[in-house]
Amino acid sequence: MSLVSIRDVRKSYGTVEVLKGVSLEVEKGDVVAIIGRSGSGKSTLLRCINGLETYQSGAILADGIEVGGLHANLRELRRHVGMVFQQFNLFPHLTAAENVMLAPTVVNKTPKKEARAIAAEVLAKVGLSEKMDAYPSQLSGGQQQRVAIARSLAMRPKVLLCDEITSALDPELVNEVLRVVEQLAKEGMTLILVTHEMRFARDVGTHLVFMHHGKVHESGKPKEVFAAPQTPELQQFVSGIG
Amino acid sequence: MSDFSFWVILKNLIWATQWTIALSLIAFIGGGIVGLILLFLRTSQVKWLEVPTKLYIEFFQGTPLLMQLFLFFFGVALFGIEVSPWTAAGLALTLWTSAFLTEIWRGCVEAIPKGQWEASASVAMNYIEQMRYVILPQAMRIAIAPTVGFSVQVIKGTALASIIGFVELTKAGTMLNNATFRPFLVYALVALIYFCLCFPLSWFAKRLEGKLNVAR
Amino acid sequence: MTYHLEFSALLPYWQDLAWGLWFTIVLTAVSTVVGIAVGTLGASARSFGPPWLSGLVRVYVELIRNTPFIVQLFFIFFGLPALGLKLSETTAAFIAMVVNLGAYSTEIIRAGIDAIPKGHIEAGVSLAMTRLEVLRYIVLRQAFAKIYPALSSQIVIVMLGSAVVSQISAPDLTYAANFIQSRNFRAFEVYFVVALIYLMLSILLRYLLRLIGDRFVKVG
């Protein structure tokens, strides 16, 4: 069975249908890059997978757990599905290490010492060993985003959702974050990322999904899709990027 | 003779001030605890908890504190329970305080960016954990100034307990006035003592507020 | 435990309640209008007046804000006659309310004035407006729009606080309640009903203030 299985999901805000029947299968180790115009529903889809938004019909199963439904076990789900946000959303009152340790200690009841070791490990992975005791306000945007990634990794997620995690960064800080994500991909982490970095989507992604008007409009292997877009919408989108 | 009564008046007023302070502390601490519970209920997004807490707050914010004191003083007595002014005043002031603190604190909780809720949810924290570890520590910083500011309202509010016979500063003033017939002096002193209790808190609240604005 | 609530025991006294309610409404309305006028003058003096006046206003504001209304009321009603200034219950109630709201609105309006960018005042002066015109058309207008919500809630608070004037026998709604319960010995019923009347009053007052705000105070 797929790690994440999205079946004909529909979602409306009031009368506006934002997701119009989206289906997608994500296997373990996949790196799925989602691209598409602003407003095409990329963020909404990602947020549905993590239960931050509810949807009206269809089904999402992540790691075998049904996301929708009234009695969805969101807590169990979110222990296995991590999320990184465009605006980092670090906890400003906690240091980098404390940001990372919080969920393991509170949710998983990991002893402090062990959690501190986990924090050291994941912060090393994102290249921030020296910044363990820095507060978010003392870090650059790129560093903050890497701490946010580390915070998700500390829960040992089976899949990591990334929503335009470099869009809020100054251009010179984008690469340090992308390199971390690339490294994760190499290590076999399952990733679903919404991105505007086309080259990154092509080089790192194993799958490409082009969303248009709330639907998966075209998908396939990134290199093939970019080389020969089938639909006029994607052709336009790709050429529009330049 | 008149000098003598000045010192007697002052001494008695200062003695009575301890009960104003005690009642204020009870109301403020009790109100803080009830207020914190209400805050959790009010922000929990659980629909059926929202309406009763809203009604509670509406009642205590929308009726005179004096009426609330009367209701507790006379209302509980209906059930055959003898209510002392202490109990009635302590209870009424606690609940009244809790309603205002809940609303003040709710404003502070709502000032915390939505991203903080989402980020903490995404690492599998539940509502109580989110509040405890992520939201409240941040909300507390902005809550301190208005909370200290409201403590001034609590102290002033305790003056109404005099009306149901609780002997605190205001009641002592009335009693001393009846005994000495020097209303101008007595009430001026009463006002002065209240001022000495309240002004430092007001000043402190304003300073904190200013600091926070600079920090932002 | 065997106590039976008898709300009908209030019926014979409905006229007392109505008169008390009327007094509370008039008291609130008058002291709101006069109190805000005092507050406007006070805030203007505090922000633009000479230092001695500004200081004096500050003392007034802090004295009132840091003492209980009931003590202010007692001081005016019981204390001032000692200086030869004898006031009726009603007059004392009105004066105490105005003095009280005057201080709070001074502080609120001053905060609004402080929040106005200095450039706006200079722009007004550069348009050859007099100081008073700048104050009237630029400063106060904007200040009011900014602080209208705060002022509105203060008006409701003052209305609820007016219950205290019953303690000097000013014939307000609470006074009526006290009177009725002394006659029919139905304290709980009386205070409960009167509390609800106050609740209605504060809801209506808030609604009315919102309407007035939408209509006359351009917020933004």
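For reference, chains read A, B and C in written order, and residue numbers begin at 1 within each chain.
Heads up, the rule we're going with is that a contact is a pair of C-beta atoms (placed from the backbone, for glycine too) under 8 Å apart; a residue touches a chain by one contact, two chains touch by 3 or more.
In this text, all values refer to a predicted model and were calculated from it rather than measured experimentally.
Averaging each chain's C-alpha atoms to get its centre, pick out the one most distant from chain A.
C
Using only alpha carbons, which chain's centroid is the nearest to the whole structure's centroid?
B
As a quick test, compute the distance in whole Å between the mean CA positions of chain A and chain B.
The mean C-alpha positions of chain A and chain B differ by 46 Å.
Where the CA atoms of chain B average out and where those of chain C average out, how many Å apart are those spots?
So the centroids are 20 Å from each other.
Express in whole angstrom the distance between the two chain centres, defined as the mean CA positions of chain A and chain C.
Each chain reduced to its C-alpha mean, chain A and chain C end up 55 Å apart.
Under the stated contact criterion, what part of chain B meets chain A in this complex?
Residues 113, 115-116, 118-126, 129, 133-134, 137-138, 141 of chain B touch chain A in their complex.
Going by the contact rule at the top, pick out the chain B residues touching chain C in the complex.
Answer in residue numbers: 58-59, 62-68, 70-71, 74-75, 77-80, 152, 156-157, 159-160, 162-163, 170, 173-174, 177, 182-184, 186-188, 190-191, 194-195, 198-199, 202.
Could you please specify the touching residues of chain A with respect to chain B in the complex?
50-52, 74-79, 82-83, 85, 87, 89-93, 102-103, 106-107, 148, 151-152, 155
Could you pull out which chain C residues touch chain B in their complex?
Within the complex, chain C touches chain B at residues 1, 3, 62-63, 65-72, 74-75, 78-83, 156, 160-164, 166-167, 174, 177, 181, 187-188, 191-192, 194-196, 198-199, 202-203.
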